[in-house]
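Okay, so chain A shows up in both of these, paired with chain B first and chain C after.
This part shows the complex of A and B:
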């Protein structure tokens, strides 16, 4: 079966301080047509780089290896022109901070229509008409006036709706949404997410949704992939994650429940700080923070295993019985071994 | 928008008035009586003395004197040079076109080559970029008058490609005569503007708006023109504007090196000759040109950045 998007054993190296450093390790994930897959993890775990790899938009000198395929076609041998065509038609990205990402010197109308005008030779007036229609669909009224305004004249929530509209105008099959509400006012976050998911669903577009908020991801994803230090450590459905998380990191994330209205990306209940892939020790990347660590954890990288339809990367996944709430395993130091 | 423009122009006029007042008042602030300053060691006929007294209205109240002087200046009447016994306006009309030509010629050289080299450098990392950066390193280290002397020695004296002296007559002859001076004047500024352009282009190319534009599948040409270059223009225009305004002062040096009878040269000789009326007139013109250029730059700058143009009113 061909997937809409298939990322297969993707590794990415970026240059920092003149040295190549690994930021993604052996990342494999699929997205089906009209499916919503969330990437969840703490800051620096590699969520953004995963999404940017799909569009070949890594920082300068970034290198990727492994395979990315779209509708069964590998993108790895794409020329620049191929990439341009792919971005113009197949997959489009919603960036985290619309205030930074939307060019402040051009009018909203120009931002919304430039892809149509330059990539599809659409007449400017027709493109503006279309942009106005979509603006109304994402909940912006007085669209005609908005089109003539500049980005700084709109609030953050409005601007992110403009960003969503710009993606809908491209009519891609896949939306890559990189923390689309993290930079917004808490009062508008829920609205913006609702509009995004609603419009996406109406058009049967698939979405790779990035968030550090597992709760939010669970609310409307078909599947969730949990990332840690450049690895995907667990892929599961929201129901299964809640019933029985397989990876200790997922369990910790579930217990710490970062709420929608909190901006913090830290997990107060797990000691230690999140690592980037290049900082991770040999063996399991989570070993320094894991309450179940054993000798084998530092000896070898746990392979991915399939358990009850979920994918997990932990040596002890089969034997651990983890809970998703703090109360369920109170007094037992966060879980039990089956033994 | 037009309200903004109006405010800029009003500001400029006020600044010009204040400057003209300061320049006029300097006649009275300088040590010695205006009389002594105006005539210095010259022996003048009673007729001329009377004419100068009339010209400066030395017997009227100060503000009234200033007003008369200003009205005269606005009519192109800058009074009479005591040293040369000719109208100052006549001397200005010979010198000003030389300086204006030199400044405009040099400004075009700076803007065109500085921006072109900077953009090229930013878009083509590697050998070309290294070459351009090395050249600008040298360029920024060479003072204008040294650049002038070197150019004069190589292209004027040794190769004999360009005249070494004088401003020429007629457009093309003047162009030939003023090429070396204009290049000397532009030398440092081109190097500096190249670096500024390169840095701001690089920054924009790495920036978020460019990534967004690329993510939408826009071609490299559109990304570079509509996003990288368009945004980089804001710092480029600021620096280029300062440089062009600075050229006005720079001409004083270059006119000396190349023996050009421009305003800078006129200013220096008038100071030596204690020709006060001419000094006043030239200072006024140079400062006024400086203010006008700066205002033009301000207007261009704000036209490029809607955040300034429209204020930060959220809705």
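This part shows the complex of A and C:
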């Protein structure tokens, strides 16, 4: 079967402080047509870099190995021109901060129609008509007036909707969204997510959604991939991930969140700090912070295994029984192993 | 993080009066905004309207709201960065409603109330070592010999889960979570009666956030310090506060026990905030158009 997007054993090295450092290690994930896959992780886990790799938006001198294929065609030998065409027609990115990624001296209308006029040779008036229609679909009233406004005249939530409109306009098959609502208020976030998911679903677009918020990911993803230190450590459905996480990091992350509906006497915290890929020790990247660590964890990198339809990268995934809430494992002494 | 319980100096518990740590009545802030509509040069913008609350020693008050709600303006008025346009602020039994230029008075206010800001990257001096930054506060607010100060710095670092060695480095050598702990240690160094935390855990990774939340709860239990916790994150507010005040566009729409507000909110805006938090089973809804 041909996947819409297939990332296969992708590793990426970037230059920092004049030397190459690993940012992604052996990342494999697929996205099907109209599917929503979330990449979840803490800072430095590689989730943004995974998305950027798909659009070839890595910093200069970045080294990629492995394969990325779109509709069965490898993108690895793309020329710059191919990439431009790819980004203009097949896949598009929504960034976290719309103010930083929308040119402040151009009117909203120019920003929205640029791609249509330049890449699709569409007539400017027709493009503006299209833009106005889409603005209304993303919940912006008085679209004709908005098209003449500048970015500073719009609020952050409004501007992020403009960004979503700009992506919908080019009708890509894949949307990459990098923390698109992190900078927004919660009520605005709910609004923007609803619009994004609604419009995406209507057009049968797939989405790779990047977030640090497990609950947000769970709310509308088909699958969630958890990243740590440049690796994907677990891929699962939201329901399964929350009910029975397979990787100790996923479980620890779920348990350390403060809950909205009940106060936890003391949050079960993960000791240490999240590591970047280049800092990770040989073997399992999570070994230093893992309560279930054994000798084999430092000896070899755990292979990915398939358990109940989920993918996990942990030597002990088969024997561990992990809980996702602090209260759930109160009776089991912190989720001990079955043995 | 260290499990040891460093001794809290007796002074820290008794330096300030028992009873109310903070009492705020009718607090108001009006900004004069230049430009604006109607051809006028200026117009007035009310950022905070008639906010009143009180906070007992050892308790913790959450101030929640979205951007533009006035929560940070309240924090800035409390610590004296921003003068209030009206109302009274009493901290540790002393009125600080009027701003002051007198050094001694400003220093005293600093010793009564400290603040930790959201961004640990911009709130520390990049050229000052961690030890130096805490030492400065100890020198300013307390009478201690040099060796007492050295001892106290080690205690404070330990209290926030940092090692002696980490005290020697510059902020750039620490991660975001570690820097935020330094900011907390620096605030604790002044032994304030009240600690104001303005979105102090918002920018942190989930696993680090849990460490800082536990740390704050430990400190409150050990020291009887009062917290004012400003946040947009209701789950965090549930975890660290016993009283909560909900602000919308400068107006207090609801206040009371945190549990009551989060479990049985009365105001529509509080309900909207709660309904907007993603959680299992949450479906995003189009709720508002700003």
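Here is the rule we go by: the second predicted complex is superposed on the first by the 325 of 339 C-alpha atoms of A that agree within 3 Å, B and C clash if a C-alpha of one lies under 4 Å from a C-alpha of the other, contacts with A are read in each partner's own complex, and residues count from 1 in each chain.
One rule holds for everything that comes next: contacts are C-beta pairs under 8 Å (C-beta built on N, C-alpha and C of every residue); 3 or more make two chains touch, one makes a residue touch a chain.
Everything numeric here is computed off the predicted structure, so don't read it as measured data.
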Q: Could you tell me if A:102 is touching chain B, chain C, both of them or neither one (first, second, both, neither)?
A: first
Q. After superposition on the shared chain, which partner residues are touched by A:170: those of chain B (first), chain C (second), both, or neither?
A. first
Q: For A:55, decide between first (touching chain B), second (touching chain C), both and neither.
A: first
**Q.** Superposed model, chain A: greater residue contact from chain B or chain C
**A.** C
Q: Identify the partner contact of A:150: answer first if only chain B is touched, second if only chain C is, both if each is, neither if none is.
A: first
Q: Could you tell me if A:273 is touching chain B, chain C, both of them or neither one (first, second, both, neither)?
A: second
Q: Pick one for A:63: touches chain B only (first), chain C only (second), both, or neither.
A: neither
Q. Touching A:124, do we find chain B (first), chain C (second), both, or neither?
A. neither
Q | Residues on chain A lying within both footprints (that of chain B and that of chain C) | A | 155
Q. Can you name the residues of chain C that touch chain A in the complex?
A. 1, 66-67, 175-178, 205-211, 213-214, 217, 232-236, 238-239, 259, 262-263, 272-280, 282-290
Q: Under the touch definition given earlier, write down the residues of chain B that touch chain A in their complex.
A: 206, 208-209, 211-220, 222, 226-227, 230-231, 234, 304-307, 310, 312-315
Q.
Residue numbers of chain A touching chain B in their complex, please.
A. 55, 57, 59-60, 80, 83-89, 92-93, 95, 97, 100-106, 114-115, 118-119, 149-150, 152-155, 166, 170
**Q.** Interface residues, chain A side, partner chain C - complex
**A.** 42-43, 139, 141, 155-158, 185-191, 193-195, 197-198, 212-216, 218-220, 242, 252-253, 256-264, 266-271, 273-274
